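Note sheet for the following structure.
By letter and in written order, the chains are A, B and C; residue numbering begins at 1 in each of them.
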Amino acid sequence: MTAPLLQLRNITKRFGGMVATNDLSLDVHAGEVHALIGPNGAGKTTLICQIMGELRSNSGSMTFDGVNLQPLSPPRRARLGIGRTFQITQLLGEDTVLDNVAMAVQAGLGHSFHFWRDARKNAALLTPARAALEAVGLLPRAAMRVADLAHGERKQLELAVALALKPRLLVLDEPMAGLGPAESEAMTQILAGLKSQVAMLLVEHDMDAVFALADRITVLVYGAAIASGTPQQIRQDPRVLAAYLSEEMV
Amino acid sequence: MLFLLAAGLTLVFGIMGVINLAHGSLYMIGAYAAAWTAMETGSFLLAAIAAIAAAGSVGMVLEMVVLRRFYARDHVDQVLATFGLVLFFNQAMALMFGRQPLFVTLPQALSGTVLVAPGVPYPVFRLLIIAAVIVVAVLLWLFIGHTRIGMLVRAGATNREMVRAMGVPIRGLYTLVFGLGAALAGLAGLLAGPIYSVQVGMGEQILISTFVVIVIGGVGSIRGASIGALLVGGMDTLLRAVVPALLQHVMQGPDADALAGGIASMGIYIVMAVVLLLRPRGLFPSL
Amino acid sequence: MSETLTHSRARQMALPWLGMLLLFAVPFIVQGLGIPSLLGLATRIAIAALAAASLNVLLGYGGLVSFGHAAYYGLGAYTVGILNAQFVSGDLLFGIIPGTNQLWFTLPAAMLVSGLVAVCLGALCLRTSGVQFIMITLAFAQMIYFLFISLKAYGGDDGLLMRRPNIAPFINLHNSAHMYYLAVVCLIAYVLFCGRLMRSRFGRVIAGQRQSERRMVALGIQTYPYKLLAFVLAGMGAGLAGALTANYAHFVSPDLMHWTQSGDLLIMVVIGGAGRLWGPLLGAAVLIVLETMLSGWTQYWQIIMGPILVLVALYSPQLHRRLDLSA
């Protein structure tokens, strides 16, 4: 058993009197998909924010590849190799699809204090960008403005943008949200194809996708992990069925 | 005074998300209304009513006619539009009352001094101001924190759609809140008239200080506004008292005075800079 | 279909060059029309356009609403004014810097001063965002305004006169055509520089943080240093405009830094279209011509200007979108 890539131990987050994350421990290993499921309000987004550094945990430890995450700023964590897709897509709305991915490629190249060359004509940016778009199947849309894209395409673009940075861990915040059945299927295929390249922490409500992709599942209820194991185990766990799955599976 | 203005402005901003440069104009309208009423009737009470009514009603009309179109807009557009309003009001006042400053004389009862402690006379009028501010602060705290309407206002700040979905007429609510902020501004104008003289452009001077108070105190928080106002007002008074004396040691003459005045004015901005270095969101951010 | 596309593209590319040609032709046009005062107007527009263009970097491209930009404009103007005053009196500034009236020195000096102040103030202001940013930029500008009012040594409230404009080889700034060309050259140089800058990787970061700061953070980009640099470059542009205005008007006063001046700059950017390269020139032209016309009618022209601004704020995005589609 290799050491986990992402290791959370006893993470707790309080907002005033309310406990949003309750003594949570979680591992994500390289090459695996670890899904996080739970009812709305369970604290999934709060946890993501803590992992990404947007929120500070009250206690607990968080390491990525052995590096302590707690003192690091969000951009720093991203540069360590943690990618993220947002549930409500955060894209550069006025720019084209290609521009968006090129921006990610640019970010990956180090600092951007380059003032002279036209970024939109820079092959060092465009070539990898096109490759990333190819990987998610969006290349035909390269010249379209993000504002004109369909919802499903935007989610794909979110993914392409995150991938362009070549992360080692991808934190996916409900990538299927708002997708119809065909689009969800397509997205699931894309994610399945990525399994070997990048570890994933998948936060999702779509059970089909979760059971199709996940190597392990952790169930979060009121900020605490009530169960954690293989999909097989989770499906049969009575606590989980009682708390959550029964509503979803029926 | 700063508190009154800051409270009104931070309410409007915190709850409706609109930056309103014309708040200073409402202050000015209050001052002019008070001054004119006082001169015509000689009654301070009537002047007070006039100030609050004038500013409050103009405020509400403004909200209904102009501002509500800007709730969803960029800050730039709000700044531009309210800037236009400021120009309009300044000129309107100049048209109605001329460009010369008006001086308001206080009625007998209010213009003396009172001994607050043995050998320490303090102007009655200033005591009145302090009293008014305290009363307003308490009322505001009660209102926002403890009444249904206050609760609706706070709810509306965090989630407009939900409040609207619950059947609450949010437009009316916003108009009311804005009217309240405007009335506070008018009250401030009433109280300021006798001290500062009423003239075109008076709103802008104090508006900027109000901004400093809000930045220091934290946008959207009344508590922040009060602490901020105390801090800024106190700092300002302190500097004005101390700096000229200090400077006399180093420089001579009228140049020194002017420079001292300048440095004293700069004082509050330096305080703001320091606060921001330590707490970019202000001392008591509610957002 | 493709023919009309290339046609409009060709038009798009030719338009700026035609525009620049037109700008250079203005003095001749004015001579032909026989209204020499128009040249002064054109110069004022060019200088204002430069200041507005510098604000456009922040506001149009970066989405940073700086309501205190006039401070840098004023600082540039005062640098020229103070250096000139020192030159005339023969004293050394701060005991070490000699006064000068050499243009090749005063213009960069103005940019340097405004740039330095921009670094200091920007470092503080950029720690905030949204409304606080607007308020704090405004407050700091007022601080500088009050500072200069209190500097009686340099005229204080009444301002500082410059009997003669700066001198430089081959240029005589008494000649209004020379002054105009200087302004236009500076304007065009700065605008082209900004255009280049905004297309570069640096510019992409600036545009990116305007559209989605969260996305930039998630990409691992710390936006603060980029915003700060943009702030400084913008400040320097405004400083340059200020230096030009000192030479044009032969007079500097704290009013140059008054918040209403900052407001005017914002208006120019918005009218011309925030984020458009030549928008500030259009905006400056519209605002100055409008103000000149209105103030010719009545002393109370602002009472009309006010509502116009409200309408502009209300409808300008729609207008610009319409113009976009038709172009």
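Points worth noting:
Note that in this section contacts are C-beta pairs under 8 Å (C-beta built on N, C-alpha and C of every residue); 3 or more make two chains touch, one makes a residue touch a chain.
These numbers were taken from a predicted model, which means no experiment stands behind them.
Most remote chain with respect to chain A, judged by CA-atom centres, is B. Ranked by how close its C-alpha mean sits to the mean of all protein C-alpha atoms, the top chain is C. Which two chains touch most often is answered by the contact tally, and the pair is B-C. With centres set at the average Cα position, the gap from chain A to chain C is 43 Å. If you average the CA atoms of chain B and of chain C, the two centres end up 31 Å from each other.
If you average the CA atoms of chain A and of chain B, the two centres end up 47 Å from each other. Not a single residue in chain B touches at least two other chains.
The residues of chain C lying in touch with chain A in their complex are 196-197, 199-205, 207-208, 211-212, 214-222, 225-226, 229. On the side of chain C, the complex with chain B involves touching residues 59, 65, 67, 124, 127-128, 130-132, 134-136, 138-140, 142-143, 146-147, 149-153, 156, 259, 263, 266-267, 270, 274, 300-303, 305-310, 312-314, 316-317.
Residues of chain A that touch chain C in their complex: 52, 73-76, 78-79, 83-84, 86, 90-95, 99, 102-104, 106-108, 112-120, 122, 125, 161-162, 165.
The touching residues of chain B, when paired with chain C in their complex, are 13, 19, 66, 69-70, 73, 75-81, 83-92, 94-95, 204, 208, 211-212, 214-215, 219, 254-255, 258-263, 265-266, 269, 272-273, 276-277, 280-282.
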